[in-house]
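Letters A, B, C, D and E mark the chains in the order given here, with residues in each chain numbered from 1 onward.
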Amino acid sequence: MSEPEAAPRQETAVTSDAIESPLLEVDGLRKEFGGVVAVDGATFSVAEGSLTGLIGPNGAGKSTTFNCITGIHEPTGGRVTFDGQDITGLAPYTLANRGLVRTFQIARELSEMTVLENVMLAPGGQVGESVLRSVTPGLRSEVIKAEAAVRDRAWETLEFFEIDHLAHENAGNLSGGQRKLLEMARVLMTDPEMILLDEPLAGVNPTLEEKLLERIHELRREQGLTFLLVEHDMDVIMNNCEHIIVMHQGSVLAEGDAETITSDERVLEAYLGGDV
Amino acid sequence: MSQRATASETVTLPDPAERLLAIRNLDAGYGDLQVLSDVHMDVADGEYVVIVGPNGAGKSTVMKSVFGLTTYMGGEVIFDETDISQRNPDEIIYEGISYVPQTGNVFGSLSVRENLEMGAYILDEVPEDRIEDVYDRFPILRERSEQSAGTLSGGQQQMLAMGRALMLDPDLLLLDEPSAGLAPDLVEDMFDRIDRINDDGTAILMVEQNAKEALRRCDRGYVLVQGQNRYEDDGTVLLNDEQVRQDFLGG
Amino acid sequence: MSTVDTIRGRLDALPDVGLVVGFIGAIWAVMLVLAIAVGGANWANLAAGFVGSVTVLIGGYAILALALNLQWGYTGLFNIGIAGFMAVGAYTTAILTAPTDPAAGAVPGLGLPLWVGLIGGMVMAAIVGGLAALPALRLKADYLAIVTVAFSEIIRLIVNWDGLAEVSLFGVPVGTGGATGISFKSANDVASTLINGVGQPLVTAAEGVGVSGPNLANLTYGILLLLVVAASYWVLARITDSPFGRVLKAIREDETVTQSLGKDTRLFKIKTFMIGCALMGLAGVLFRGQAGYISPQQFRPTITFYVFAALIIGGSGSNTGSIVGAATFSGLLFYLPARLGENISLGGTRAPGNIVDAVAGFASLDPAPLLAYIISNVSTLRFVLIGVVLIYIIQNQPDGLLGHRNEPATSVSLDRPQSGSGGETDE
Amino acid sequence: STEQTGGDGGDGGDGGMTGTGTESGGDSGPESPDVLMVVGYPQSGVQLFKDFYADYGDDAADILVTDGLQDGELPSNVGNDMSNVRGTAPSAAGPGVDTFTEQFTSEFDYDEAGVFTSQAYDATAVQILANLLAGENDGQAVRDHMRVVANPGGDTYGPSELPAAVEAAAAGENIQYEGASSAVDFDENGDMASAQYQVFGFQDGGGVDTLNTVDFSAGDDIPQPEPNGSGSDSGRTIRFGVLMPETGDLGPLGRPIRDGAILPALQLEGEVDFEFDYQVGDTQTQAQAGIDAANSLVSAGYPSITGAASSETSIQVARNVLIDNSVVGCSPASTSPTITDLEDNDYMFRTPPSDALQGQVLAQVGVDELGAETASTLYVNNSYGQALQEAFAGAFEAEGGTIVNQVGFEQQQSSYTSEINSAMNQ
Amino acid sequence: MGIAEFARDGRVVVGERPGAAVVAAVGGFLLLDLVAKLAGTTVFFVGTKLLGGSLTVSSLLSMVVDGLLVGLAVGLAGIGLSMTYSILDFANFAHGDTVTVGAFLGWVAAYITAGLGTGAPIAELFMLNSGRQLSTVSTLAPVLLGLVVAGVGSIGIVLLIDRLTYRPMRDTDNISLLIASIGVALALRYLIAFVFGTETSGVASGGLRVTVFSMISVTDNEITLLVVSVLLMLGVHLLLQRTKLGKAMRAMADNEDLARVTGIPTERVIRLTWILGGGLAGIGGYLLVLESGTISFNFGWILLLLIFAAVIVGGIGSIYGAMAGGILIGLVDSLALIWLPSGLTRASAFLVLIVVLLLRPSGIFGGVSTA
């Protein structure tokens, strides 16, 4: 579990070819649904502090890989290691508490709660999540103190994403793009080390898209977060990711930096379809 | 015509006689919430029209309103000279409009083939040849024809949805972000297919976030902001308009 | 800063407390008016009887509605096995406290003091609730509903089964009494003891105006129940106005998201089930077992649906709404019509035995038989009324009488902190 | 061998179906009992007998029933003439029975005075008289004068002289009420000192036939306390409650009994210089609903109550309402032996006899009239059913018979097939 | 940590196979016990009885027949619940009371026609307490007429309720609809009580008894139940198979908005759903009364949980599942007596419900597509 005010991690230099300090390692991951093999021995790793792209044709198994890593599905085979520890098949909340969180392909806001509540929910291990503490007269003052701190941080986060004017709005009333922002804000409040983003930009207006990418880079710079990004927009991938993994039919077809990928015959054939 | 603002002086509106779809002063929303106010749009026979705009602008709402899926609050939707603004969706389909929604556009628990059959629900018989046509267009669907649609990948579902809408050979096809979630080669492919469908004489009204590509290919485009018309013009004109580029196309 | 928050939190609760008190007061007033209208010289005693009974009902339903609100209103757990959990609590208390040498024909118990029984009942209900929750929580809402209602019927059938009516547990004879039920130390005795002891002057005064001892005891019991309601409210408000409550709301909205944010939702759900079921168990004894007697008949699924009606009428998701709903349901929809029916008479017209005869009179332009029939069947018709009100509310006012109350689940004010005095300095 | 299994259809550990030592098995199966004794209430009875006849037809066994099933409508509701059924029930054998029957059938729309209606009349009459003699609507005072007006000592009055009895009691006289059901003499437990039972069968066109009667006469001393009440001035209002199952399992019997209970007030109204104020509460044949209804009567200030009918309800109402609130209960129908020993501060009386006797009568009918050697019992799972079937089983074995199975059942189920199968040893 | 492991183990243990293994083991033991009982042997183990006892084949058969008959009627009633559950997406708690309403309407009609000309007072006929017992052989026409009225009448009632209650709520979530149905259930049940009283009336009793294979004896009324319900089930099967209705219903259950834009007349499908479901519920209720012989205002409500069990065991949305589930639950309810005391047999049916929901939430027949 991460400390509430974790010191910013030192910047890790990431080179495009050699991954020195992998934060997430996926080894021979496999997932079958009945007869369909969705993920077929995918192996790759993600360097600490990097923004890594995960691309591939539709049905390549990207979302399924995400689901297996984050505990939504139990993998049929293979191993997932995070921060040096085996996390294969652990439940989502355990992973989140260890600093590995995700956003959803379709934003899932908690619509009957306010934006602020959505964000205040996220921090892990809040004292007030214990019934005893929140009820017992003496102990409750502790809860109240912690709550004030969480609230203040929540406001800051909302300001960072420029949705603080919506703080008391029900999350269900936000527009599509605002929901994506909220989703990012919420995930950040968990103090993650690594965020998996499943098509965060799909359907996002280009202007907003730029803003979101800017935020992602800012978070990497300032807090040393690691990102794994699924995205179909090649402009985004090529211009932002220092490392790119290409999946095809459930396994990794190629990886490397933008140049390596765009010059890879197989990738061109399987995914990029001729020109880019 | 009462356009609030236009990007250029040369607006080429279709001749009233050719207008297949005409949306006039439309107000619509959900329950008590009004989303669209005073929206105008036209699609001529065989025309290819694109709507772009920021998230939450009401683009999908326009589409749904044409199909009678929103709360009607005023104005008119005229298709083929009949007012369909307050009709039920299951009647509108008989007029010759098909619609591919942005989300939830396949029947998850039905098989791929059954989804296509449902696309031809209003016909008396299942048109086997059309199903074959769709399979030819999207071969992966033939491969998965017995799999339940809910377990297809995002992109595969998008293809199925499109295939379903094509089962009736409509006069007007409403497409809500057909390229969202598609791999780049498929995006190209999808746009090509849409072109082809349009070439075959089907008019198209499409919402796209992939605005540049869409505007390049279409006949005309609308920019919708906060539930109101902002700009309208030929696709290429909009594409090259500095203001539009700045505000909506991301530089 | 935190003291300011605390004080503000306390002040925020005041209007709600006022609302609840005012509402219950209004229902009392209605009962008083009714008693004066029909009671003649006996009105004071009648009023005490009406008010006492209605208070007990309100108290009982309020505890149940509060418990359900925690499970359903907050967490979205659709528990319709309330009756079963009430039975577990009530039977545990009964078995713990029933005398070891009971009257002829009754089953013996362990003869423990009442407070041991009450705690035991709550603990047992919590344990059974937790066990029931373990597997059931994987299910979506309506499946959970069906599992819980089936579970409650299984519990009822088991306590009803005469195989357990009287058994020997490690050589000590105990049992459920089967269909016959079980008599035990009733909490009512506390009320009686209270008024016969310190309350003696009160009794004398009450008897002066014609209020009988039993009615006074009943009234006292009702007020004691309201104190339990107040305590439950206080505890639940603290639970829900906290990060714990926030997680519950999040689970209600989207469990997968909540899990992905690092919350072990299963644990939260189990805790919620246990707390709620403990309260239901308590209500099982205090409410259904007021007289010191319980039987399986009292724990049929219908009671569960009444609690739901109460909560929905008041407004689920709101603790205040739970109490207001319980008062409306039990006072105005459940109790009042029955008393009206009993006390209205149509001169000499005896109610016809069946509806055909009643309508036949109407055909010959004499509405009296039909009216008499209706009046003599109000206690049936009130359930029709309850059903219709329920439909009306869910159609037109789905958030209940109190309307939608978005009570943020937190223990502090959520306003933007004044810039400068930010949170970082607070550590 | 006797196995008390109570509703146990299968082996359930030591169930009846298992039999003992029948290692041979095969398809011959265990024997059905000669007679099936059924204790229950009419509503369940309809379903139970329908299921019985549907599976076993008319001549699989003779059936014995008790007072709870003495409902003349039963055969037509079951759809069978029920000619293989014999029953026993406390009968109306008081000196005033004819007057009562006459008044009852003319006041209400009944063809005959049903079971326990005369007991109900007597219960109310005694309460009214005790109330008048005591001079106040107070439970304790009424209790203290119940025996004064009912037991030997003073002038004798019957149902036909009820107005005169009222005047006498109001004048503070020690009187003796002789009722419609019996002489109405309460022993120190509040039970009847003597009893008469009838043996009945169901008639073809509805109603029941009394085949013969069995008497038990008074053995004990009949206590007779002295009056110490003031008597009543004219114009007083006499208040009493009636607590009856108007609905539920006993509904068909409960409604006539209720009418019997209010008949004295109807008869006296206008005839005497007193007002009568009564209220009826419905127990729905459920103890809890009974408690609620009783509480409601007590709240409204009635010092005494005629009721309840079902023993289960009477016991629970006495324990949980009457005794605590010092209100007199006088049941016209509860026959369970448990009531005799109730620690009731003398607040619970009843006008029918205890089933300790009925069990014997039943056993006699079974052995002597039906020539049964084996019997099974099928009883409603409450204080009434359990005790009466035990009394029967004891008496039947004492007469040399063998009890095969004892099976309990719950009220108002949608099917009794499994219970019947267990009892019939199938 | 500890919790994590617990959760993971839990997922494995509660997973499909171990649960199924336990169920299979219990089932095997019960079967062995049954065989021993039929053979009349008792097996002792360390002094306590392990299994066995005695049971005749004929009583086993009669239990099977009883279970089958009740199961058929429950299955018939269950079809409607299953359909509304999947298409309108809510658990209809008023379904049991629809069963009651249908039964009352049908029996009143049957009684009045049977009583015409016999001089029985209309009040008694209407209140179902003239004391007459109908049977298929002795009063064929009234019984058949009642059957039709039960179906048609409950369709009318159900459509009216839909119009007043559910239709204004089409867009609301399924829990609101469920709650509304609780309101409907209360109102319906007590309206019946208001009109017909709370008494149980005996209305039917077999007029003819047939013994098959010299072991199973059934009445004409039971045969009627068997024949009518099998015919109706076949009819429903054909209807859904031969028309697009079946698929349209599934499509609607899946995604109503999409169904509408595809041209499926959703309101009409909903209406047809109610018509089929309501009609079958009413007829199911009518036939149950024909078999058990008695009717009372709350019998459908009491039956509801059993119907739910049937539908869920069969897999919600699956018509064949509802039929098979009904029969299974009917058999469990009846055969449980072999192993359990009679006070607990009903509990065993509920236990089966819970076990199925936990092990196979999609139902035993779930996933097998309908029509």
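One rule holds for everything that comes next: a contact is a pair of C-beta atoms (placed from the backbone, for glycine too) under 8 Å apart; a residue touches a chain by one contact, two chains touch by 3 or more.
Quick caveat, the model's predicted, so the values are computed rather than measured.
Participant: Starting at chain A, figure out the least number of steps needed to reach chain B through touching chains.
Facilitator: Contact-graph shortest path, chain A to chain B, evaluates to 1.
Participant: State which chains count as neighbours of chain C and simultaneously of chain D.
Facilitator: The common neighbours are E.
Participant: When contacts are scored as defined above, which chain pair ends up with more C-beta pairs, B-E or C-E?
Facilitator: Answer by contact count: C-E.
Participant: What whole-Å value do you get for the distance between chain D and chain E if each is reduced to the mean of its CA atoms?
Facilitator: That gives a centre separation of 38 Å.
Participant: Which integer distance in Å separates the CA centroid of chain A from that of chain E?
Facilitator: Chain centroid spacing, chain A to chain E, equals 48 Å.
Participant: How many angstrom between the C-alpha centroids of chain C and chain A?
Facilitator: Each chain's C-alpha centroid was found; their separation is 45 Å.
Participant: How many angstrom lie between the CA centroids of chain B and chain C, rounded to a whole number?
Facilitator: 54
Participant: Scan chain A for residues touching two or more other chains and write them down.
Facilitator: Residues 91, 94 of chain A each touch two or more of the other chains.
Participant: Could you check chain D for residues that touch two or more other chains and list them?
Facilitator: Within chain D, the residues that touch at least two other chains are 6-8, 12, 381, 408, 410.
Participant: Quick one: which residues in chain B touch 2 or more of the other chains?
Facilitator: Counting only residues that touch two or more other chains, chain B contributes none.
Participant: Which of the residues in chain A come into contact with chain B in the complex?
Facilitator: Listed in rising order, the residues of chain A that touch chain B are 33, 36, 55-60, 63, 105-106, 174-178, 199, 202-210, 232-234, 271-274, 276.
Participant: Which bits of chain E are touching chain B when the two form their complex?
Facilitator: Listed in rising order, the residues of chain E that touch chain B are 244, 247-248, 250-251, 253-255, 257-267.
Participant: In the complex formed with chain D, which residues of chain E make contact?
Facilitator: It comes out as residues 37-42, 49, 53-59, 62-63, 66, 70, 129, 131-133, 197-202, 204-206, 209, 217, 219, 292-294, 296, 299, 302-303, 334, 337-343, 345.
Participant: Hey, which residues of chain B end up touching chain E in the complex?
Facilitator: 67, 69, 88-90, 93-94, 98-99, 101, 104-110, 114, 117-119, 121-122, 164, 168
Participant: Which chain C residues qualify as touching chain A in the complex?
Facilitator: Going by the criterion above, the answer is residues 1-2, 5-6, 9, 235, 238-239, 241-247, 249-250, 252-254, 256-265, 268, 271, 275, 406, 408-412, 414, 416-417, 422-424, 426-427.
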